[in-house]
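Consider the two complexes below, in which subunit A is the common component and subunit B and subunit C are the respective partners.
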Partner chain A sequence: MAGSGTAHLRGGGALTVEHLTVEFPVGTSGDKVHAVSDVSFDLMKGETLGVVGESGCGKSTTGKAIMRVPPPTSGSVRLGAIDLSTLGADQLRDVRGRLQMIFQDPISSLNPRRTIRDIVAEPLTVRWLDGFPRYPAAQAWDNFTPAMLKLWKNKWLVLLTKIGLGVLLGGVLLYVVASAVGEPDQFGRRDGGAGADLANQIIRGGGLLLAPAAIVGIIGSAIWLLLVFLMIPFKIARSVLVAMEKKEFAKEVDEKVFTALEEVGIPAQVSMTKYPHEFSGGQAQRISIARALVLDPEIIICDEPVSALDVSVQAQVLNLLEDLKASRDISLIFIAHDLAVVKNISDRVVVMYLGKVCEVGQPDLLYSKPRHPYTRALMSAIPVPDPLVDPRSAEEIDGELPSPIHPPSGCRFRTRCARATEICSTAEPEIAEVADGQFVACHHPLDEKDWHLSERSVPVTVSSDLDGLLHSTTPEAPGGVK
Partner chain B sequence: MSEPDLVPDSPVDRLKVDGGNVSSLAETSGEPAAAASYQAKKKGVFFWLAIIWLAIILICVLFANFLPVPEIDERVGDIRQGPSSENLLGTNNLGRSVLSQCIYGARRSMGVAMIATLGGTIMGGTIGLLAGFYRRTIDTVLTSIVNIMLAIPGLVLALALVGFFAPSGGFEDQRFLFFDVSPATNATLWTAIALAILATPAIARVARAQTLVWSDREFVLASRTIGTRNLRIIVRDVLPNVLPAMASFALIGIAALVVVEAALAFFGVGDVTGASWGIAINNGRADLEDYPHMVLFPSLFMFLTILSLNYLADKFVDLSDIREAGV
Partner chain C sequence: MSNAEPKGNSERLLEVEGLSTKFLTARGTVTAVDNVSFTLDRGKTLGVVGESGSGKTVLSRSIMNLLPRKNVERTGSVRFDGREVLNLSDKDMRHIWGKEMAMVFQDPMTSLNPVMRIGKQITESLRIHLGVDKKTARQEAIELLRSVKIPEPEKRVDEYPHQLSGGMRQRVMIAVALACGPRMLFADEPTTALDVTVQAQILNLLAEQQRDRFMAMVLVTHDLGVVAGRADEIAVMYGGRLVEKAPTATLFRSMKHPYTEALFRSIPRIENPSHTRLLAIGGRPPDLVNPPKGCAFADRCPRVQTMCREERPKLVNAITAGHSYACFYPTGTPEGDKALEDNIVAGVPAALEVQITDAPSGI
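So, the complex of A and B:
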């Protein structure tokens, strides 16, 4: 399913991700984890886009790369027409409010040492603080630091320093050797003679070569130190300014936090001064949602927001997200590791495997007419609440997920694919439209006769505990149950 | 939770919120037990004993002059007398009160250890936080600085600093404005600075390791995604979580530095004219077999202090280890 290509992009999306690639260096051997490789998708306004794939396929990494924590290795992320990678730090800070993310682990998402009020107010506080003028010393620091780092990493300087160090070491070695073979004088000191003299010259030369780096280092540190000391009085002045206006701001924020908490179903009155450990996982996730909401985002990326929760709580949180989406006109990217969660709430689903896109389409289509062998395997893993269906009949994917450090050539799914042939190992399948609105990256996509191979693969009626709850709790949820 | 108002939300509230869905109950059900275990952390009798002992030592440090004990250089009786009703802990080789030596000694021993630990914690903490948070180049540079500091032999550093900056000479009283700048104080201060440099690498390592862990947490990512500046993330998100481990380590650090200070005094580094536990022990050393009380009592003071500090450091980790959520 190594799938590249952008045939499935519709254009004009609220968020467009193109050729997104994220690699993490591992060890010192130059190996890389290919966590996400050339992934493209787009999200239309008001849409919910599901992203599914088994654990470790790079879903979270994709979400984080869109948020630029850390920024992707390559590829572009466009918010409307704005390419995020072209923005400077300040511009990016302004745009961030429009795009928010809810993380996988609700507990780890909240700082255990801050109150709920402070956690939810943080986005507003950060923006408010940004509204105060940056003092000159800090501005100088901001401009000076990158320039300094760039100069420090300048390849000529680095080369010169390396040569200098080598020469220095050679000189010292020569000196030691020359002295060792020299004649001892009356005090037992050995005189290196001409060799030692030469070594001295070499050492001096090495020192000269090191001089530029030393000068840059010393002057740079001096300026840094100066800036640090300059910053202190400015910082104090600014703190006074902030302290004076704090009270008014706090009142305003309290109100906003209060509404946000109530909106996600946390009783604000009693919760504001509490700490995260006093809440359950589901409540913690609601608080994370409230934090994402206070900036009024257009898009929220939900990274498996419910996979750490009880099934019953899952349904509540999903309903909450659905409600918010409708009432606030938010577009969602919804990440999950199985189709069951995503199926009921998504307008479109992207199936990922080992950092690549395999199949894109409406969830119903992916269920009833999967084209990619991996999609079908994922689907049949959804439990069917029918005693007549033997759970062992679930189609299993053989073998382990291959290492993302050395992903298989050609189609990345070929090591576990029953349909793999010669071409799958040599050529990477391009994503292509196989049916209306259904795109697949496979050399041998499934067709009609494959959909009826076993009774398990009739998943139109698939229903799980979760489905039941979804139906019963919010029959009227807008855009909810499809 | 023991108090009802600590319960974040009653099931009734939840029911309202979730449209009367019975399953709402499931979400809150786990909490009472979880919170109870949070409240039930026992401090225990040793905790209070340690606190009381350290409070006594602190009083000695701050108010030694006002305590009803003889001056340190006052001759209170015959030399080398064992404990008696006039001289509770006996007298030393100069006929001075051993109790006074212990009490005034606390000032120097603990003072040096605390100042040094504080300095070491500030320097080491800053290095560790920056290295752990920024990683890459900054980490490499700072870690190598720490490694170089680790390679410095402590005694040599102390000797060099004290010898260079506070050469021994007359130990007469000198003042600059309100500050005591007599060479004796100066020597003590430089001893503390040397010890601070010694303490820095260990604390930097603790801080760095903790920062590496905490700065990978998702709440730090969340802060980044809302455009929080790095400095604010370090101060608000990372530091409060790293601090307990650092504080606990600093308590052990004080205990260790008390010993080092005693050893330095014992070897005659820095000012050897004042009172310190190490000097008191050194004075009694020659008569250890015949008059053990001269060594025993200062050692006991030191031992109890170190024990208390270590115990508190352990307990501190337990007490500050807050649960992160109710699940």
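So, the complex of A and C:
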């Protein structure tokens, strides 16, 4: 329950999360919601890591913090060797192609006003805009354009041009004015008298100063004009190239979207132009999965992907995820509140409670030999499709989740734990290995004599009997033969 | 509270016979409930199981007469405590709603009034039906909150729904439904929006209240696991029709309808090793505007034969008492198994899916 520590990290994972903490401020009171507190885990390549716990245990916040939406308060998330917290927005967007997410509510996570093709193509479009344009010619020009623009907008050049042109204009004006006043001499030239003399002197005296200024002004404005005229053909040529590229890209995207949709079992030919409301929940979830797949991610974070679905559709989506994992060699982080679902799909399970890790281990081990009282309680809450199991015999966790604003001291589960003692309120349990590959953060972990409960759901003889009857080809089902 | 003693003479509380509900829409007539019959005794629980769109919610609303008056056509008969209630007006139904029949809805977030204190929402029906004065009603509300295990009911009674968690809100919904001591409770997916741990709490609470008050209950759900240990009888619905009905133990012991079996096998079971392949039911439920001529499940069925597409199977009785099913090639019979084998050979996708799932399973 509520434990810290990193004993369960294996090192060299595809994704390593260490000391992840997410806190949200509460109004202006200075209080904080401790959504996730010092959580660590790692995900190996090709593995499915299940994260399980009640609502409010921080499992979804953990998933989102890995994606940095929003970034965690502290702690590190490493994708291979890259520490995501050191990346800027652009680099992060690059990395997110390797790290995708599927959300709980399939219908509301698809934009109702866009077609399926556009929805699934969106990640590709974003990626394309990042590396845009891809034609070398257009690229070269695009590199050149900013340099030109920079020169065009260079404040010294602008200033010099302005000064030069100003001086030039001023000089000419002064000369014209000066030569217009006074009496004309025999050649018809006017002598402006004292004023004109002064102007002549200024112009001649300042000539040394004015000539360079005038030259700079002329050169500056020439460059300016040249740039303006150059930009026009550049612009035109570029838009032609871009149009060509867009066409090619659209074709490429169509192909990718088509493949992705077919891969998740959506008939692409007829679905591309449809809108999300035309699909059922299970199909919409498949479309979400296609959207996550289209960038060829290494890791997909599935945030309660089946909680909103019927059991029969849930089975479809779970089978699909298993198939994809096998065919594409992706790693999954599978977040859910239903232990049976998590157990079915995971290679390793992390049990969370109120922002802390309780137990980590192989699913089969965790279920047959739970060490944490909370794991066992979660397990006993699963409805068993067997009328011979009395659901009321199950251990029920009493009460509600404590407030994450003021979490209990020591072990956070102690307020609802039957085994809590003095030490649980004073010291926080550290995660420790209790069996091979099984880690628990508890002062009083369960042992052999407590495991009878897991047998509750396995009335061995009856269950296998029932199974035998269901699958058997013999017609000996008691009672029911017509 | 007040109805601990069964009223009336007969054991039978609810009799539904040939109930059909049709919605007249722009696209055509949607037959959401198609010729459904069942009976429910006092204090018993009927589990109604089916996927989204199978008509289970419309069924419970049809019985309670909660559907709009316009463009809805209901035929058949619903007798509650010996009295025909199908064609009662809203005015007459008002004496039955809350007092005789009550409903707990799926989504506790949207079914409570967000701008009304929960105490008032609970006492509303008490004041109207039982004519209780304000003070007593408040006391009653506190008692009800206590009975649904809400801590500090004196404080909670003056709070608004947004101050409560999802599980707490569902408890309040139950308190509202129980306020006038109904004899019949419809629980329409009461736990689908909740976590497993809270689900267990709420289902236990419902069972406890049902026992204490001797209520009959219709528990509507898509999860066979939810009703397994809690219902006396289970009715499986598909495409608006009842496809199988049996006492719970019998149903689980010898499922007959391939749809029931598929529903059962799509549940991930905790005792199975991880990565056990689940049986997914491919495809979608049928379009209820143009329902298929034959069996509604035919397109998704691993045992489908030509006959299934041409003729609609009727509910027939199995040997065991109370067990009936609507299938030509039921599970666990020679003809059913032969149909499955034929389909595997013929490469029917649904049958292949069963074969794949069968292979690694078998605990």
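What we mean here is this: the second predicted complex is superposed on the first by the 341 of 482 C-alpha atoms of A that agree within 3 Å, B and C clash if a C-alpha of one lies under 4 Å from a C-alpha of the other, contacts with A are read in each partner's own complex, and residues count from 1 in each chain.
Criterion: a contact is a pair of C-beta atoms (placed from the backbone, for glycine too) under 8 Å apart; a residue touches a chain by one contact, two chains touch by 3 or more.
None of these values were measured; they are calculated from a predicted model.
When both complexes are overlaid on chain A, the residue A:367 reaches subunit C alone and has no touch with subunit B.
Residue contacts after overlaying the shared chain place A:59 against neither subunit B nor subunit C.
Applying the stated contact rule after C-alpha superposition, one finds that A:315 touches each of subunit B and subunit C.
In the superposition on chain A, A:117 makes contact with neither subunit B nor subunit C. Of the two partner chains placed by the overlay, neither subunit B nor subunit C lies in contact with A:34.
In the superposed pair of complexes, A:339 makes contact with subunit C only, with no contact to subunit B. With both structures placed on the common chain, the touch criterion links A:376 to neither subunit B nor subunit C. Looking at the shared chain after the overlay, A:356 reaches neither subunit B nor subunit C. Of the two partner chains placed around the shared chain by superposition, neither subunit B nor subunit C is touched by A:416.
Subunit A residues in contact with subunit B (one complex) as well as with subunit C (other complex) are 280-281, 283, 310, 312-313, 315-316, 319, 469, 472-473. The touching residues of subunit C, counted against subunit A in their complex, run 51-52, 151, 165-168, 195-201, 203-204, 207, 222-226, 228-230, 248-256, 261-282, 284, 316, 318-320, 323, 330-334, 337, 341, 358, 361-363.
The part of subunit A that touches subunit C in the complex is made up of residues 54-56, 280-281, 283, 310-316, 318-319, 322, 337-341, 343-347, 363-364, 367, 377-392, 394, 396-397, 399-401, 457-458, 463-464, 466-467, 469-473, 475, 477-482.
The residues of subunit A lying in touch with subunit B in their complex are 64, 67, 69, 92-94, 96-97, 99-101, 103-114, 119, 122-123, 126-127, 129-130, 149, 265-267, 270-271, 274-284, 288, 291, 295, 308, 310, 312-313, 315-316, 319, 469, 472-474. Subunit B contributes residues 1, 5-6, 8-9, 13-14, 17-19, 21, 23-24, 26-28, 30-31, 35, 38, 137, 217-219, 221-229, 232, 236-237, 240-241, 322-327 to its touches with subunit A in the complex.
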